[in-house]
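Listed below are the structures to be examined.
In what comes next, chain A is part of two complexes: it sits with chain B in the first one and with chain C in the second one.
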Partner chain A sequence: MNEYNFAYLDEQTKRMIRRAILKGLAVPGYQVPFASREMPMPYGWGTGGVQVSAATLMPEDTLKVIDQGADDTTNAVSIRKFFENTAGVETTEETEKATIIQTRHRIPEAKLREDQIIVYQVPIPEPLRFLEPRETETRKMHSLEEYGLMHVKLYEDISQHGAISTAYAYPVKVSDRYVMDPSPIPKFDNPKLEMDAIQLFGAGREQRIYAVPPHTKVVSLDFEDYPFEATKAAHPCDLCGSDDSYLDEVIMDDAGNRMFVCSDTDFCRSRRKAGHKGRLAEENAA
Partner chain B sequence: MYVAVKGGEKAIENAHAWLAEERRGAPDIAELSIAQIREQLSLAVNRVMAEGSLYDPDLAALAIKQARGDLIEAIFLIRAYRTTLPRLGYSNPVKTDEMACDRRISATFKDAPGGQVLGPTFDYTHRLLDFKLAAEGEVPVAPTLQPRTEATPHITEFLKGEDIIQDEPASDATPGDLTREPMEFPSNRPLRLQSLTRGDEGFVLGMAYSTQRGYARNHAFVGELRIGKLAVEMDIPELGFAIDIGEIELTECETVNQFKGSKTEPPQFTRGYGLVFGQSERKSIAMALVDRALRWEELGEDNLGAPAQDEEFVLSHADNIQATGFLEHIKLPHYVDFQSELELVRKLRREAEERIKPKEAAE
Partner chain C sequence: MTAQPHYSGGFQNAPVQAAHAFRAAMTVMARPGEIRELNGSRPPNPLSTAAGTLLLTLCDPETKVHLAGAINTDAVREWLTFHTGAPLAQAADADFAVGRWAELGSLGTYRIGTAEYPDRSATLIVECDELQQAGAELSGPGIKGTAQLFLPDIPALQANAALYPLGCDFFFTCGNRVAALPRSTRISMET
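Let's turn to the complex of A and B:
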């Protein structure tokens, strides 16, 4: 695919995106409008993340792409292939080795470093969208720091269900200012949002980029008497035995037997390599 | 036994190979050529050019072939290609009054200078399947006349003298470009028109139809509908003057709408405007109706709360490439989020059951 520029986008477009990224980093959690381009994959399939990655990638970078925590899910494979073809950068499945990680719906289990960038694919960047469908209104609410509606929603959850009934895309407040949608990661991942790496969020269809710089305060919204709780399935991983990683529930047979395995495939593999074993590990010596 | 979804790469390759076979269909049937699609499915080509925002009949025909006739998929191919093209400059505004009209009708006047020219229209055909076409009939030669050489004036020009139709304020301001700047609301008319002309035909049609059925009815007459070819001119700085860089076919519709007047304006006719690449009649009429409905604020009309009056609603949902992408993305894996919902619902159910149990025991 030599007829395209490095990492597909032309340099003008990259410059426009980099400006939006820098603005986003300067105002943590603020949604910066940008002139998102049509990409050769559909809107809703990671075009925002792909554009941010394309504008961030340098020839010497090593890229990792995950979807649902896994390197081998079809859309992750497809996006990795896109950058292999258009940027010719090295790719890896190892979190440690990656300099840029594009992700959909998960933050890797391994602690990210200062020299790494994680790029999130974002479907709906506006945390207030399902409370107020109008962009004109929600932008006003952000500028006035008018987040009462969100607290009322959380309060109503508690009065109705006895708990905050948001399990993923759990809203956070960034640097004591903007309420932000961390993208549809499970709330289990929310505590990791305070990290050493640069976090960039790209929403292609909605034409928004936002960012969380390293070491920035990120607080999951809650109440003193109903504190935020990062939850996961109450099992250890059946392959590597980890009891503190996020798990996928896999249905194994017609009788409805289940097994639980790490959603982060690289994390699970490296633990098994190091000799850790879960309940069903023997039959799966891989 | 645990069978993870492995081998995604191989699966994708195989799926693509199968898709290519399906696209071709039975190999003993002759393959469609790009020229055949361009010449014989020209209205599909027009739609792909209009909503793909790229005037190139050959590329549109290629996209239709590659997309197996799925026009939204073809539009997507064109958009993705278009976005990689360098922006060399902007043409001068086209002068639609200089159009060489293949078709030009007015519903507001029985006759007018330039005449009523039906052109190649489906109107007044009886929609009976023509089985002769299945047997490859030769087409009878259509009679011809010498075309008009002079320009055909716009119908609304005739209303202007009386001041009975609202005048469009002239402006030399450079309009925004929605492919270069993110859409922000409230927007303005040039951006609305850009959005509508590339908007999904079905969506724009539905919105227009809703105004006719009473959701912000604006009493539209087709003042004029014209289809024809136009030269595109561009200023070349090195030359110091404008030259023709090509010719495009356009459909233009101007509606004349009743207007009772408002607090600020005396009663007069108002206008809606549609301009679309190619012969795209339905789309341009629909566009004009929706354009008119969106002008309520500018004309001092009441906001009736109708969907077609709601700029943010209409413009945010008119693009079928955005819509189809987001709609179809829900078939991507979502099991991480689903898992967290599972845990949450299980927990809520546990707690609810605990609350119910002691009550039952007490009864």
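Let's turn to the complex of A and C:
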């Protein structure tokens, strides 16, 4: 612990990030520019989320890190180790026990509480970026609340595919003002964006921080005749039998056999521990 | 040390105390109407513990600070400069302003951000005689249903909220307690 300042970053950097977080909370969904630092991990591995977590952590915190719902993937394990080493905080894989959850591309299945904070890693914070590449223009569009282009995009989805085909990073409107990219979470998770916990978003390469306070109105964009639908694979989990959690499809052999498992590993484990069984539970338990 | 009060009263363990202070500040900003304790600094009179701790947590050479009215004493200026290095500024240039409500003056003086950069607005730290969850009725982001908070001047703060997404953001401090009012909060008189 003597080798690093608490939570790795120097104090002046943390103050700069903290000021950005406060402004982000005051204007929900607005992307606050910040002077993102180089972190000891490559861009795309959660440098924004790590900086937001570092500025938010207290020594008493218990940190959970997930990557696509899983606690045991490389990205999650290495960020957890990073904060064990540099902040000396407790870590956990259990959603219930965590006070801060850093996440890449999922919101845990368990309902988050008032005393929890969730930090999202964001690759492209600008929801309009793939429609308009110029930052000067997207900034103007946000300032004028000019989001027609986004609706055109969703409309083109319908005219080509018969339905809104956007399945992840589904755009939302926050507190009736800013259109926001909820990071590449599946649209299944969008309804959970109205939650009791504080939500912070960090994009390291793109140098943006934004936030959604608790109990804030978050509406997924849609049309009256094509309402938003939170979709998932139409199967129960093959390990724990849950039929209301988001699933990953796993190819099992060359014959085309497949299984569906919960993407939230902690949720699936706790259900199996409680005795719930799916189609393939027995052979996997061995 | 007694002869040089402006050298004392800072954080003893800056990384940890600032982390605790920021979490309290973030919690109240994310949940308007809630009150938290803010400790760690011992600023010179008449600066409150909560206001002093906020300044140590958020200010540095990159932020301009405006000290309004009775709070603008030699002792406070020296303490702030020594511990944060923050440059002092007029109200119109300030990133942070500290003082009692009457002394902070008209809100129209402060930066409210621009349409393209609403974050470039002032944060006002208002020293209050009382801080209680009664008075104005608040609703909006961060609030489940409604919340109550005593506010120094409801019409002026309603006008500020009407500028949304522009406007100033506020911390209200009293002793070692703090509450906040972001510009996103809708304010009505309690019925």
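The definition used in the following text is that the second predicted complex is superposed on the first by the 284 of 286 C-alpha atoms of A that agree within 3 Å, B and C clash if a C-alpha of one lies under 4 Å from a C-alpha of the other, contacts with A are read in each partner's own complex, and residues count from 1 in each chain.
Following the convention adopted for this analysis, a contact is a pair of C-beta atoms (placed from the backbone, for glycine too) under 8 Å apart; a residue touches a chain by one contact, two chains touch by 3 or more.
What you are looking at is a predicted structure, and each value in this text was computed from that prediction instead of being measured.
Of the two partner chains, chain B is the only one touched by A:F188; chain C is not. In the superposed pair of complexes, A:S165 makes contact with chain B only, with no contact to chain C.
By the touch criterion defined above, A:V261 reaches chain B but does not reach chain C. Touch criterion not met for A:K64: it reaches neither chain B nor chain C. When the two structures are aligned on the shared chain, A:R271 is found in touch with neither chain B nor chain C. After overlaying the two complexes on the shared chain, residue contacts for A:P28 are found with chain C alone; chain B is out of touch.
Here chain B and chain C are compared by how many residues of chain A each touches, and B touches more.
In the superposition on chain A, A:T216 contacts chain C only, with no contact to chain B. When both complexes are overlaid on chain A, the residue A:K173 reaches neither chain B nor chain C. Shared interface residues of chain A (contacting chain B in one complex, chain C in the other): 33. Chain A contributes residues 5-7, 11-12, 14-16, 18-28, 30, 32-33, 55-59, 139-140, 142-144, 175, 177-178, 196, 198, 211-217 to its touches with chain C in the complex. Interface residues of chain C facing chain A in the complex, by the touch rule stated above, are 14-16, 18-20, 22-23, 25-27, 29-31, 57-60, 62-63, 115-119, 121, 123, 140-144, 164-165, 169, 182-184. Listed in rising order, the residues of chain A touching chain B in the complex are 4, 8, 10, 33-40, 42-45, 47, 67-70, 72-78, 81, 104-106, 123, 134-136, 161-163, 165, 167-169, 184-188, 205, 207-208, 231-233, 238-239, 246-250, 252, 259, 261, 263, 265, 280, 283-284. Partner chain A is touched in their complex by these residues of chain B: 1-2, 4-9, 11-12, 76, 79-80, 82-84, 86, 179-186, 312, 316, 321-322, 324-329, 332-337, 339-344, 347-348, 351-352, 355.
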